[in-house]
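The chains carry the letters A, B, C, D, E and F, assigned in the order they are written, with residues numbered from 1 in each.
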Amino acid sequence: MNPETKAKLMGVSVATLATALYKRGLRNQVIQGVQPLKGKGVNMVGPAFTLRYMPAREDRNQLVEFRNPEHPQRVAIEQCPEGHVMVIDSRKDARAASAGDILVTRLMMRGGAGIVTDGGFRDAATIAELDIPAYHTRPSSPTNLTHHEAIEINGPIGCGDAPVFPGDIVVGDDDCVIVIPAHLADEVADEAVEMTAFEDFVVERVKDGATIIGLYPATKEENLEAFAAWRAANGR
Amino acid sequence: MNPETKAKLMGVSVATLATALYKRGLRNQVIQGVQPLKGKGVNMVGPAFTLRYMPAREDRNQLVEFRNPEHPQRVAIEQCPEGHVMVIDSRKDARAASAGDILVTRLMMRGGAGIVTDGGFRDAATIAELDIPAYHTRPSSPTNLTHHEAIEINGPIGCGDAPVFPGDIVVGDDDCVIVIPAHLADEVADEAVEMTAFEDFVVERVKDGATIIGLYPATKEENLEAFAAWRAANGR
Amino acid sequence: MNPETKAKLMGVSVATLATALYKRGLRNQVIQGVQPLKGKGVNMVGPAFTLRYMPAREDRNQLVEFRNPEHPQRVAIEQCPEGHVMVIDSRKDARAASAGDILVTRLMMRGGAGIVTDGGFRDAATIAELDIPAYHTRPSSPTNLTHHEAIEINGPIGCGDAPVFPGDIVVGDDDCVIVIPAHLADEVADEAVEMTAFEDFVVERVKDGATIIGLYPATKEENLEAFAAWRAANGR
Amino acid sequence: MNPETKAKLMGVSVATLATALYKRGLRNQVIQGVQPLKGKGVNMVGPAFTLRYMPAREDRNQLVEFRNPEHPQRVAIEQCPEGHVMVIDSRKDARAASAGDILVTRLMMRGGAGIVTDGGFRDAATIAELDIPAYHTRPSSPTNLTHHEAIEINGPIGCGDAPVFPGDIVVGDDDCVIVIPAHLADEVADEAVEMTAFEDFVVERVKDGATIIGLYPATKEENLEAFAAWRAANGR
Amino acid sequence: MNPETKAKLMGVSVATLATALYKRGLRNQVIQGVQPLKGKGVNMVGPAFTLRYMPAREDRNQLVEFRNPEHPQRVAIEQCPEGHVMVIDSRKDARAASAGDILVTRLMMRGGAGIVTDGGFRDAATIAELDIPAYHTRPSSPTNLTHHEAIEINGPIGCGDAPVFPGDIVVGDDDCVIVIPAHLADEVADEAVEMTAFEDFVVERVKDGATIIGLYPATKEENLEAFAAWRAANGR
Amino acid sequence: MNPETKAKLMGVSVATLATALYKRGLRNQVIQGVQPLKGKGVNMVGPAFTLRYMPAREDRNQLVEFRNPEHPQRVAIEQCPEGHVMVIDSRKDARAASAGDILVTRLMMRGGAGIVTDGGFRDAATIAELDIPAYHTRPSSPTNLTHHEAIEINGPIGCGDAPVFPGDIVVGDDDCVIVIPAHLADEVADEAVEMTAFEDFVVERVKDGATIIGLYPATKEENLEAFAAWRAANGR
């Protein structure tokens, strides 16, 4: 992805991005119900590379299946391009794992930018300490075969009720994860940077005792002027 | 599909089939949570032809999309082969419709054997009266575009937590719908016919006052003998 | 149970009984989420005889288990005393059946007064036509072994979030099912008969155009007088 | 409300109305999860008159409260104007009733056009037979006091996740219920009548064997012409 | 509120308060499902000041609405009196935010004692670090307009299935939040202080190896005597 | 339990155990939805000692009941043998507590190895700091009497949808809790130790840059050889 866009998206919140997409009529781009295994204080940013699970049929999902070098779960990990975020459609079912620490470690080693499932990870306590951001709904120890069969790599999916297309830009912070349609990433990143400057200004004013009425949004002329001055003074 | 297998499956219950699959280690083949729009007293039987929905992104799902002759929802209806059951993965989300009466009527006219969604149909009261079996979770009037984007035709899907592969044999009765893996259809049909004969015999005995202990299953030799006699007498 | 109490309970609604128990501080006696397989227009009344399911462990719940003449599900059906209502704790899990038509037919033949589960029945369309009232949450074709192991006969259970003790009086109408603690059955039946007379009077008045203010409840003296006259006139 | 608008809305489906509102950017106007107590084959149409429940606090919700002539539940029934639909916000909680047959009968006698709750009605089997349409999620026998306190009459509410303002036009058919913002009722009614004519034409064509591609929507010129001819021939 | 009562409530647990209310027949005063954004080790105590959301209708909830100086969400923040706890009825829907860090910061600056929603906050990681207690169900980045319209300030509401009236005393600890009816606050605070002394004594004894039978509650005379001695010794 | 088995189970993860049971056809042994009150970094291991709750009936569950020295909740705490894990069936209902800090402290003093509920604990912040592992779904301050009646000690139960028999071996780590059927504990522990050695080897290789294909599982001969060498070198 565009490195400047990535840099911008590293510095804005998912909340701000959600508002920027809301302005464009997109209301369902936040992946609902997922949380970081551990807050890292740094954003996850990268294009989506997807994996889709369907419900497991027992005869097709014995442990021996993992011996197949073409098993889609393992192949997906090996194919996910550097800098991409793997997004897994687990049908919001965390009764069995979407992946475990070995696969997430491998993804990290290959330069993956992060991993998200609307199910759960096994070895979650270990994954939390890895140097790669990961988001799920809750820890889940059973092997994925118990309820999930990996069936498709890098197609369009749903994740936490959000639509995800390969190449969409995925951004996660310590609260949530959002999916920015690829063609909007640059303009949304620009706008979010602007919005963030304003929000930082507002927080500063509010901490100084200002009312939010007329300030957030800045419907009073004086606040617009103050913001302009603040930008100049703060180099933003 | 094999017409003899179809004939056999027309005469057995989903409950009996579920037990036959259970014997083979398959525990999740019933599509959970769906019901017939109207009990028809006749089974729905046919190979699965699938449609998958993903969550709708607003900019891709305006009404104008339906003007596209390649729109997958409409194309799926036109491609579903005669005698097949259309099975729709709506991610168990009935907040918007999976289809309405016009499309289901078209499917009926093309010889479709039935339609199943783990979401809901609009125009459900009308569909209920059509001469094609239909199963869903509840009526849902909003157009599918509201929450669903049709994204894939005839791939492997989940429906009501059951795995469905194109060509699997789908059977519905007035209670439930089950998915029989294609390679098991013939043997399961045979076994279910046998089981049904035995169950009919058991019901008759129970209505005559027999205890179920030793009869269901027939662990007492005398019951096996009585069943043999009953089969001879009833031509089954 | 007391035949006079039974006769009274045949003539009152679950709603009226719920209010009578509410007066006594009992707010959770309605079995939540169950419905009759078919409205019969006649109440189900009888003491509770219970069966408890726990989650099935696969090695203990193969089909062969049913060959055990001591299998609790089948034994419970054979032990349920005449006139009793079998109440099944299925942990509100309808993914597998609580029972099927053969067992319910046997219960009917043995004089059972009804059957209730907070799960689902298989062969539900058949059970609906039997001459015994049955209540569940939805049809469910998979054999009980899939998710349930029958573990205890006639102990205290929960059913649809209501507490049920063996011998409690269970009443079902076309809406709902309620559990009356055994020691309260006689007095609650008496009170419900009184309340029903009053409600019948009120309905008549309302259908004649009366306002409900001052009538329901009868805080206006004139309505109490009218009720007294109505009772005399109608022999109630 | 405008009698012509009402007449139009009597003749269109909720599904058609949902699409008309969808065109205007309104995606959440269908009251999710409710169903008619009995399909009447006739639409319910009328302006909304609302009642809001909050969770019951035990000390404020003893049976004696009903003796208060100002009790909001009963007052609401007596105030609901003729021709209006009472819409009740029960917080999607059907563990206790929203109302029972006496109140609904009174509403019917006063000329109410219908009643909707996102909870449940007690005496549901009786209400189903009354000459007033009623919609809920499931029967619920416990008195409303068990979990609900009626707290506000005719304010803005949520019902089944849909926003409802007093005076909005509520339409129900045998499938669902929809809420049309008051200021859009006339134009939406007009448009829905047009859409219904077209859908009726399409159904006729489909039953004659036509494909839906190019017909629904009518992207082929020949279908537009055929529709014009059909309208002329059928006086629509 | 009474400063002595506040001081007492700062020193007792929500669990103890729940038991004190249980004794008075109040069983539903704990706000279900909420958790502190960050455990502070100090109680939140203050009278409730409420805000109610209804489902958002798209035409009424565009971003421009925030420019309205009367927008109820922002007005509520500016009106919440010092020392009060803002309690928000978000209909248990965390798909969109109830508020974000700017508003919560403003509430903090104005002396608010805390904020609770049965939905979720955006900017949750930031709010967690503010010097004001906050409780929600999970982080939620989408702007409130996505699913919520602020409709009423300081009326009676439900929050997490608990009834909340303006002026009720709200207490939160690191586990849960409870709502004490205003008229009971003083007596419940007194009782909770007594109960806490006893519980502290019990914990000490249990850590010394005592059995709980006869001690908790103190049905053995010797334990009552020991408690009296302990109180004297510890100045409680 | 066998001390060697216990030692082995202290050193393996629940995820590994889940896979070992999966190989034996047991797919539902993880207690779904529970989490440690605080990650301890050390496993909980011990035989199950169970307690079952049923829904509370108000007249049987007043505070005075705790004065009964035979109250099953308190008796269970006093009877739980040293080294055992108390597992509580709370019907997945966390609206009221399963236990509080005093009882859990007592269990700790008596040498209990841990405590698990599929409901919630009150005083959770305090319990989290105790020297005994505890797992639940979320904090819950209301006294257990509000919704639960302790009804049976040390019988077979369900907990988080898993079957639990007294004496089954319960293992918890920072992610999840699993229930090993008693007769499988020794062999599963052995196998899990072996699996853990292999997984540790794999992680090391993956951190060195190895692909997972052919390594996990080790379908390539060279990886088996490398593992053998690794075992020798590392004394495992």
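In this text, a residue touches a chain if its C-beta (ideal position, glycine included) is under 8 Å from a C-beta of that chain, and two chains touch if they have at least 3 such contacts.
Everything numeric in this text was worked out from a predicted model, so none of it was measured.
> From subunit A, count the fewest steps through touching chains until subunit D is reached.
Contact-graph shortest path, subunit A to subunit D, evaluates to 2.
> Please identify the chain with the largest separation between its CA centroid and the CA centroid of subunit D.
Using the mean of the C-alpha atoms as each chain's centre, the farthest one from subunit D is F.
> From the centre of subunit A, which chain's CA centre is farthest?
It is C.
> If you list every residue number at the subunit B and subunit D contact, are more than half found on both copies (same) or fewer than half (different)?
Interface between subunit B and subunit D is built from largely different residues.
> Using the stated contact rule, I'd like to know whether E-F or A-B comes out ahead in C-beta pair count.
Taking the two pairs in turn, the one with more contacts turns out to be E-F.
> Where among C-F, A-B or B-D does the C-D interface show up again, with more than half of the contact pairs the same?
Matching more than half of the contact pairs of C-D: B-D.
> Find the geometric centre of each of subunit A and subunit E from their Cα atoms only, then give the gap between the two centres in Å, rounded to an integer.
That gives a centre separation of 31 Å.
> How many angstrom between the C-alpha centroids of subunit C and subunit A?
The separation of the two C-alpha centroids amounts to 49 Å.
> How far is the middle of subunit B from the middle of subunit F, if each middle is the mean of its Cα atoms, in Å?
Taking the average C-alpha coordinate of subunit B and of subunit F, the gap between them is 39 Å.
> For subunit B, which residues are shared contacts with two or more other chains?
27
> Using the contact rule from the top, write out all pairs of chains that touch.
Taking the chains two at a time, the touching pairs are A-B, A-E, A-F, B-C, B-D, C-D, C-F, D-E, E-F.
> In the complex formed with subunit C, which residues of subunit B make contact?
Those in contact with subunit C are residues 13-15, 17-19, 22-23, 27, 30, 32-33, 35, 39, 173-176, 178, 199, 202-203, 206-207, 209, 211-214, 216-217, 219.
> Which of the residues in subunit A come into contact with subunit B in the complex?
By the definition above, subunit A touches subunit B via 24-29, 54-60, 91, 93, 149, 151-152, 155-158, 161-163, 181.
> Subunit D touches which residues of subunit B in the complex?
Within the complex, subunit B contacts subunit D at residues 63, 66-67, 69, 74-75, 77-78, 95, 97, 100-103, 105-106, 109, 122-125, 138-143, 145-146.
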